[in-house]
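Naming follows writing order (A, B, C and D), and every chain is counted from residue 1.
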Amino acid sequence: MDYKELIARRVAQEFKDGDFVNLGIGIPTLVGNYIPAGVRVFFHSENGFTHIGPMPKNEDERDPELINASDQHVTILPGGAFFDSAVSFGIIRGGHLDATVLGALEVDEEGNLANWKIPGKKTVGIGGGMDLVAGAKRVIIAMEHTSKGVPKIVKKCQIPLTGVRCVDLIVTELAVIEITGRGLMLKEVAPGVTVDRVLAATDARLEIAPDLKTMTV
Amino acid sequence: MDYKELIARRVAQEFKDGDFVNLGIGIPTLVGNYIPAGVRVFFHSENGFTHIGPMPKNEDERDPELINASDQHVTILPGGAFFDSAVSFGIIRGGHLDATVLGALEVDEEGNLANWKIPGKKTVGIGGGMDLVAGAKRVIIAMEHTSKGVPKIVKKCQIPLTGVRCVDLIVTELAVIEITGRGLMLKEVAPGVTVDRVLAATDARLEIAPDLKTMTV
Amino acid sequence: MAKVISMAEAVDLIQDGMSIMVAGFWGVGTPEKLIDALVAKGTKNLTGIAISTALGEKGIGKLVKNRQFKKVIVSYIGRNPATMQQYEEGTLEIEFVPQGTLAERIRAGGFGLGGILTPTGVGTEIEQGKQRITVDGCDYLLEKPLRADVALLKAAKADLSGNLIYRRAARNTNPIMAAAAKVTIAVADEIVATGMIDPDDVMTPGIFVDYLVQG
Amino acid sequence: MAKVISMAEAVDLIQDGMSIMVAGFWGVGTPEKLIDALVAKGTKNLTGIAISTALGEKGIGKLVKNRQFKKVIVSYIGRNPATMQQYEEGTLEIEFVPQGTLAERIRAGGFGLGGILTPTGVGTEIEQGKQRITVDGCDYLLEKPLRADVALLKAAKADLSGNLIYRRAARNTNPIMAAAAKVTIAVADEIVATGMIDPDDVMTPGIFVDYLVQG
């Protein structure tokens, strides 16, 4: 199993039956492939609908007016509904999404998140990210633990923030870390990964959960 | 012609073809009966639609879910649309109505309007009035000139206001008065009514329009 | 995801002291049978949020008449004399809100806004106790969001995923209240299987609806 | 009350220096033929308000590529490199707005609100130059309304009274932009007689729409 699949499979365990979830681009998008059997999760698309369905099998089945927020042709499952942009973000901002899964450049001990501006590069924009972290009931970060060895989980974010004290959970190829009122708590390590390896790859204080577990996916 | 019909007929001349208008209760409601031929005016109902149509001729034609804002069974004309309360008042507040016609307890030289609280009585509420005077492009007051002889057009409103500097035109059984940046201007007198009679029934400074006319209805 | 429950189960979700939003305009768009069941149960000390207190024999008015509210937040009470009577007795608190402001406050509550700025009521008694904010030279009142414990809706049609369709003037406050309560209950004339409503035709997305009652 | 006009007449309503709202999300819900006509005419110094600058060959992106904007107010430019290029050259100003805030600002513009309070962006760079307002212990940014001279919409169906229906994900910003411009132009796949759209099915009431173009 590659590391992206590991992360996606672990995040997919976070949902309850009936949850509405918004997935960001990158690793978060993969989460939809691994929802456990028996759990119905409905995906929200910023551009204005719920119940995102699978991509059409061929060009003939494409509806030119049915894309997701990443401009991919998709379908809508029975039970979904279309709405305008104000309602779509009313759903997000109003706390109607049970969770959002996003990537990150940096997350810090306070749960601050940075993922819209890469240092030294001009930003290409914000999209719906700032609204998602401000509004979703749970913000789950799905990302590589480091960026080519440089820790992404830090004491204090150094690059422009997307949201303040907004992250609830971080899932990486090494660990599952919860953001608590007191800081970061290491809840799980990936199979074959030692606590020391997680600590070495992390530039923030990590409390070790008394009931530390090994990730099962 | 009774005085109410006179007022309603005169107000009905104020609209252009294609105007969207909201009519308040009382004399304003009558205005709809006298729209000149060739002028299409569409009426907006606060409870959520445009193109109010005539009342159904008999009980059988009543749709239990189609009432106007005064709880009267009405119909909807072709071209109308239903919407929710937030959109209905977005139309009002956003300046999408060409005019609203309302009654008044007092109007003053600054165009302030009082029509929701009768002095000495407990109010029964505001309804949509405050939104209408804040948002409609033109606020037209259709009312008796006095309340049993007591002037309703005054120097300064003494009772609680519905809106500040919001009235554009006053139409009574005696006169048509415009609210300008400098105060009240008498533009028309009713047939058989002298300027002196209007002045005597008015407790505010009235400038007489150089081109003073007799109301034609 | 909506769950179909009985009228009795729906009424049991509303407990003494809760705040309830009741959709409808003169009773049109109000879940009349659910109101009747709530009257029968006699749940007390409710706070009601609605366009008006309707009529004594219709809509939310029946709850007023039965003295089930300690407070109502409405734009108008003029056709239900029981409202004024209880107010004068000191047994009912009334908060008057301009109707368009009421709609925006409910919408803001459901859509996560901290408030909205409206020109409505500037310079009137309605301004009392509110912050006046000037934006680009114009004055507005800061009006705060409204939320409730339970919202009571009436739909013409629902599917088992909770998607709702309203008819004619019954739409009114239903779509905005749907999003603004912890628990949203819709009474529907007709409940159909998921997939039987085209997703373009949905007026209230199922994501906002917790319970459906056939009625 | 909508008037049916030709594509050429529609483009003539848009003049150099005007602000335009362009509906659509990655071009879906954008009146593509009207954009093509506007590209052909070459109207300059426009200010564009849209979800994103789309793609170089689709939607509002074609206007960026043809250098017809002096400023864009958008949430994202990531898939249209011409946007960044013109920004770096100093020929294009960009105002980035979080997508949900953009939607609310457009809606506020159309619905007469002086602004809205949103939690989105509190404590981030987006807060710069904005007022932070605390309501009941929570912090919000005051975000101002957006309006435009012209709104460009794309509907699946319109009637001659200007009532509009959209299909699938093409709805997006169309309904909110409809109300937020001095002049609203909708390009419709199909234009039918007044009375041919049920008033319950209307997604944008005709009161907001000034001109219809068959396209």
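Convention: contacts are C-beta pairs under 8 Å (C-beta built on N, C-alpha and C of every residue); 3 or more make two chains touch, one makes a residue touch a chain.
On a predicted model such as this, the values are computed, not experimentally measured, just so you know.
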Seminar exercise, completed: Between B-D and A-D, more C-beta pairs in contact link A-D
For this session: Return the distance between the CA-based centres of subunit B and subunit D, expressed in whole Å.
Result: 34
Exercise. If you average the Cα atoms of subunit B and of subunit C to get two centres, how far apart are those centres in Å?
Worked result: 29
Seminar exercise, completed: Per the C-alpha centroid definition, the whole-Å distance linking subunit A and subunit B comes out as 55
Exercise. At which residue positions does subunit B touch at least two other chains?
Worked result: 49, 76, 82-83, 86, 89-90, 92-93, 134-135
Seminar exercise, completed: In subunit D, the residues touching two or more other chains are 104, 107, 112-113, 118-119, 166-168, 199-200
Exercise. What are all the touching pairs of chains?
Worked result: A-C, A-D, B-C, B-D, C-D
Exercise. Across the complex, what residues on subunit D touch subunit A?
Worked result: 25-26, 28-29, 51-52, 55, 74-79, 84, 87-88, 96-104, 106-107, 118-126, 156, 166-176
For this session: Would you mind writing out the residues of subunit B in touch with subunit D in their complex?
Result: 18, 20, 40, 42, 44, 49-51, 76, 78-83, 86-87, 89-96, 134-135
For this session: Flag every residue of subunit D that touches subunit B in the complex, lowest number first.
Result: 1, 107, 110-113, 159-161, 163, 179, 194-195, 199-200, 202, 205-208
Exercise. Okay, in this complex, where on subunit B does subunit C touch?
Worked result: 45-49, 63-69, 71, 76, 82-86, 88-90, 92-93, 117, 122-131, 134-135, 160-164
Exercise. Given the complex with subunit D, which residues does subunit C contribute to the contact?
Worked result: 104, 108, 112-119, 133, 135-136, 138, 140, 142, 144, 165-168, 199-201
